[in-house]
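Shared between the two complexes below is subunit A, which has subunit B as its partner in the first and subunit C in the second.
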Partner chain A sequence: MNINIKDLRFTYPTGLEALKGINLTIDSGEQVAIVGQNGAGKTTLVRHFNGLLKPASGSVIIGGWDTAKYSVAKLASRVGYVFQNPDEQLFSRDVLTEVSFGPRNLGYSKEKIDELVKRAMALTELNDKAETNPYDLSPTWRKMVALASIIAMDTSIVIFDEPTTGQDAVNVGRIAHVIAELKKEGKTVITITHDIDFCAENFERVIALSKGQVLLDGHTREVLGQEETLAQTYVDPPQLTRLGKRLGLKETVTRQEEFMQAIT
Partner chain B sequence: MHERLSFHIQRDSFLHRLNPLTKLVLTLALILIAFTFPWYWTPHILVLIAIIPLSIVGKVFREFSLTALRLIIPAAGFLFLMQAFFQPIGEDVIFKFYFLDITSESLMFAFRNAMRVFVMVSAFTLFLVTTHPSELMSDLTRRGLPGQFAYVIISTLQILPQMQAKAQTIISAQRSRGLDTESSFFKRAGSLIPLIGPLVFGSLVEVEERAIAIEARGFTSRHVKTSLHEIPDSAFDQFLRWALLALIIVSIGLNLWPS
Partner chain C sequence: MAFINLQNVTYKYPLTKGPVLQNINLQVREGEFVSVIGPNGAGKSTLCYALAGFVPHFFKGEFSGEIEVDGKQSSKSTLDEWVLNVGLAFQNPFNQISGAKYTVFEELAFGLENIGVPRDEMKVRVEEAMALTGISDLADRSPYSLSGGQQQRVALTSILVMRPRLLVLDEPTSQMDPIGTREVFGVVRRMAEQGMTVVMVEHKMEWIAEFADRVIALKEGQILMEGRPNEVLTSDLLTENGFGVSRYTSTAREAKKRGLWRKDHLPVTLDEAVEGFKK
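Then we have the complex of A and B:
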């Protein structure tokens, strides 16, 4: 399911012009990271994908659906959106009910809901916590419940808003695993992140936003290699990439294996 | 993205620059004079010579007149009707409506009371609009108001806009999960639970966190605290406060004078 964005502009009621003409195409099954300084328009952009915000001008088309003409509840069957703060969405008495809330809203059959919930719980390693109240879990696990509750909706496109903020290495690893599994299933994953190592290791394409416009867009290696341009939106390339540059490596490296290969 | 966190409107005006306590005294003076000065047309004149000019001096005339039209005038108008109908005074009946009589006396009485209420609400509105709540509270605590009291007032003023912003995010998050908030009434009524849960729980957590945060900054400490913001209190402010106080005393005095 493709995402087509044409000359998207958006201004908040306060008069803040958050998006100033965005043109993008994201193909089915792509793994895209969106980076950029605070206030660059990252969240504003992805909130257009599931219709939470409607374009002031231009258009956002999700697999043939113009988001301006569909309700958020309708678009939820195509685009899942994991909010940054799990506490803003969890309300059920136990994890199982919480995770099945989304698929039930989408009106799937009983069997399909059971299957989707089971798969989502397994993917996020929540199986032993099905009966627990989400608020008795630690913040890291609440985050996983939030992830599971969106994954269970089985949408073609999944959006994560800063999934690794405040998470330890083990949980970042779990989130990376979830993203890798979603990729295997052919889902499109779009992630807003400030964690540039996480971005380098898990995404093929990086879009850098700056002041409401696309600054860079391309393969992760190409984008992260452009240190000076990225500096405009206060993004530092990963340490390995910068080290490689200083060492005078010909190619831009973003991951450990690439780095090791390049120096041996 | 954030809405205003209080009624305060930031402008640079004479009224904004006055010391918060002076403005509080001014507000109280307007209200007390409107209610006690023993001359029928006092509140009416106050609107003309004080409320409207102050809103212009404070550069908030447009916002003030909107609030007045939408809120204060309807409320005062309602009061006027109620009192005009139900005040059993006077013999000079001008208008009869079933068993209700309107006399010229009750009409005059209601008109004055409505204007008094208008002055009261308007004065407070102007005060809130031109005074930043935290500025008012730091000035009052500096003058000896207990910090706990200031905290209660500040948090009451801010809780509604904050909860509103939080509720908005929660609604967005649940709509993203396919919650239908746009269709039939029954569907929407059922969709309240997923919204209220996070809101109430989140607010409780926030209260606790805030209590810890302010205590970490020595909230209940008994030492004299300094303030980062110096709130100016000019000689003119002090003069104005004493003058207003004198006016209040004169007004109440005249009211109590045996006539």
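Then we have the complex of A and C:
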């Protein structure tokens, strides 16, 4: 299920133009990270994928569906979106009910719902919190609940808006594992993140947005190597990329193994 | 005498089974910039609440021990008195904005108005604080029509503008872009140099090492380790306990096994890594 975005523009009711002509194609099964300055338009862009926002002009087509013509409820069968602020997303009295809500709403069979919920709870290691009210959990665990409730919907396209904020090393590892599992299942994963090292280690393609436009788009190593251009949108290259540059390595390195090879 | 003095602080929320803070002893001198690290659930936010007076004044539960800031005891003060000296930026910035005001500027002036700062001075202070956090261009925007990182900057600015003696920041850069994050660490460093005492919960080891004076590693409500940033952030104890490390540290540790890192000390910052890896 491809995503095709043509000349997308969007202006908030306040008059602020947040997207100024975006053109992008994301193929089925791609793992894409979106990076860029605060206020660049990342959240505004992905909220167009599940129809929460509709283009002022241009179009967003999800597997042949023009989002302008489909409701959020309808698009929910194709696109799952984990909010940047989990508190905007969660409303159930306990974790299990929250995670079951999405698949139930999509009208799956009881067996399928049970299976999806079980898998989502296991992947995010929420089983011991099934009965807890999400609002009694810390913000970091609420984010995990938000994540679980979206992956339980089994949509072809999954969007995470800053999934790793505030997560410790173990939870970041869990999230990386979730992304790898979704990839294995052939799903498209789009992740907004400010964690550039996480981005380098888990995504093949990176899109850098700046002031409502696409600044860079390409293979992770190519994009994250462009220190000066990235700085325009307040992004630093990954730590090992910066180190490689300072050491005068010829190739751009982004991950530990590449770095080791380059210095041996 | 220490500016912050925690003696045997133990605390349990009404709903938790055991204590969330256990026998915490901590002294911080005036103008020191201390960073608190630790896994999820370690008690970092609870420690922030304790410093800011919310524990035990707002959150009930079982509290024992003594919290002293600038010679005053938390147990003998009211929350209203306490917050005049201590500013807390909450972990979830989305909850911090009062929303009582129409513009970011008014939102930031709100606290100063409440303590009776004259109009002219208020304007200067708000403008200065906005410049520090890079939000001058948001002054006339509604606090509700902002991106996540912009909201977090407003929340942080609303604390800085009050110029508290003690600044408690609970993951203040969690929603911020990478270069903005580094800038905020720089701003906090400067505040500390001007005499503000700072306790900042963070996960970003590279910048902690570059900017903080001391690191407190918290686990399961106890201080696992404390000391100079490089010493704490490169220690095996942290890795064994599931703490994250900078990529410079993890890569040098691996390189050491393969005989490619020859220094005694592992790096946390870029400069330290360059120093050790260069031919």
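Heads up, the rule we're going with is that the second predicted complex is superposed on the first by the 264 of 264 C-alpha atoms of A that agree within 3 Å, B and C clash if a C-alpha of one lies under 4 Å from a C-alpha of the other, contacts with A are read in each partner's own complex, and residues count from 1 in each chain.
Keep in mind that, in the parts below, a contact is a pair of C-beta atoms (placed from the backbone, for glycine too) under 8 Å apart; a residue touches a chain by one contact, two chains touch by 3 or more.
This one's a predicted model, so the numbers in the text were calculated from it and none came from an experiment.
Student: Looking at the overlay on subunit A, is there a clash between subunit B and subunit C, or do the two fit?
Tutor: These partners clash in the superposed model.
Student: Figure out whether A:138 sits in contact with subunit B (first) or subunit C (second), or with both, or with neither.
Tutor: second
Student: Is A:172 touching the first partner subunit B, the second partner subunit C, both, or neither of them?
Tutor: A:172 sits against subunit C, while subunit B stays out of touch.
Student: Going by the contact rule set out at the top, does A:50 touch subunit B (first), subunit C (second), both, or neither?
Tutor: first
Student: Examine A:101 and indicate which partner it touches, taking first as subunit B and second as subunit C; both and neither are also allowed.
Tutor: first
Student: Regarding the shared-chain residue A:73, is it in contact with subunit B (first), subunit C (second), both, or neither?
Tutor: The first partner, subunit B, only.
Student: Applying the document's definition of touching, compare subunit B and subunit C: which contacts more of subunit A?
Tutor: The partner making contact with more of subunit A's residues is C.
Student: Look at A:12 in the shared chain and tell me whether it touches subunit B only, subunit C only, both, or neither; answer first, second, both or neither.
Tutor: both
Student: Between subunit B (first) and subunit C (second), which, if any, makes contact with A:196: first, second, both or neither?
Tutor: Only subunit C is touched by A:196; subunit B is not.
Student: I'd like to know which partner A:81 touches here: subunit B for first, subunit C for second, both or neither.
Tutor: After superposition on chain A, A:81 lies in contact with subunit B alone.
Student: Of the two partner chains, subunit B (first) and subunit C (second), which one does A:91 touch, if any: first, second, both, or neither?
Tutor: first
Student: Going by the clash criterion at the top, which of the stretches 113-121, 131-139, 149-157 or 203-211 from subunit C hits subunit B after superposition?
Tutor: 113-121
Student: Going by the contact definition given at the top, which residues of subunit A touch subunit B in one complex and subunit C in the other?
Tutor: 12, 14, 16, 85, 87
Student: If you look only at subunit A, which of its residues touch subunit C in the complex?
Tutor: 12, 14, 16, 36-39, 43, 84-85, 87, 136, 138-141, 162, 165-172, 194, 196-197, 231, 233-236, 238-240, 242-243, 246-247, 256, 259-260, 263-264
Student: Using the touch rule from the top, collect the residues of subunit A that touch subunit B in their complex.
Tutor: 12, 14, 16, 47, 50, 52, 71-73, 76-77, 79-81, 83, 85, 87-92, 101-102, 105-106, 135, 149-150, 153
Student: How about subunit B: which of its residues touch subunit A in the complex?
Tutor: Listed in rising order, the residues are 1, 166, 169-170, 172-183, 193-198, 201-202, 205.
Student: Under the stated contact criterion, what part of subunit C meets subunit A in this complex?
Tutor: Touch residues, subunit C against subunit A: 15, 38-41, 45, 91-92, 94-95, 141-142, 145-150, 153, 171, 174-182, 203, 206, 242-248, 250-251, 254-255, 258, 260, 270, 273-274, 277-278.
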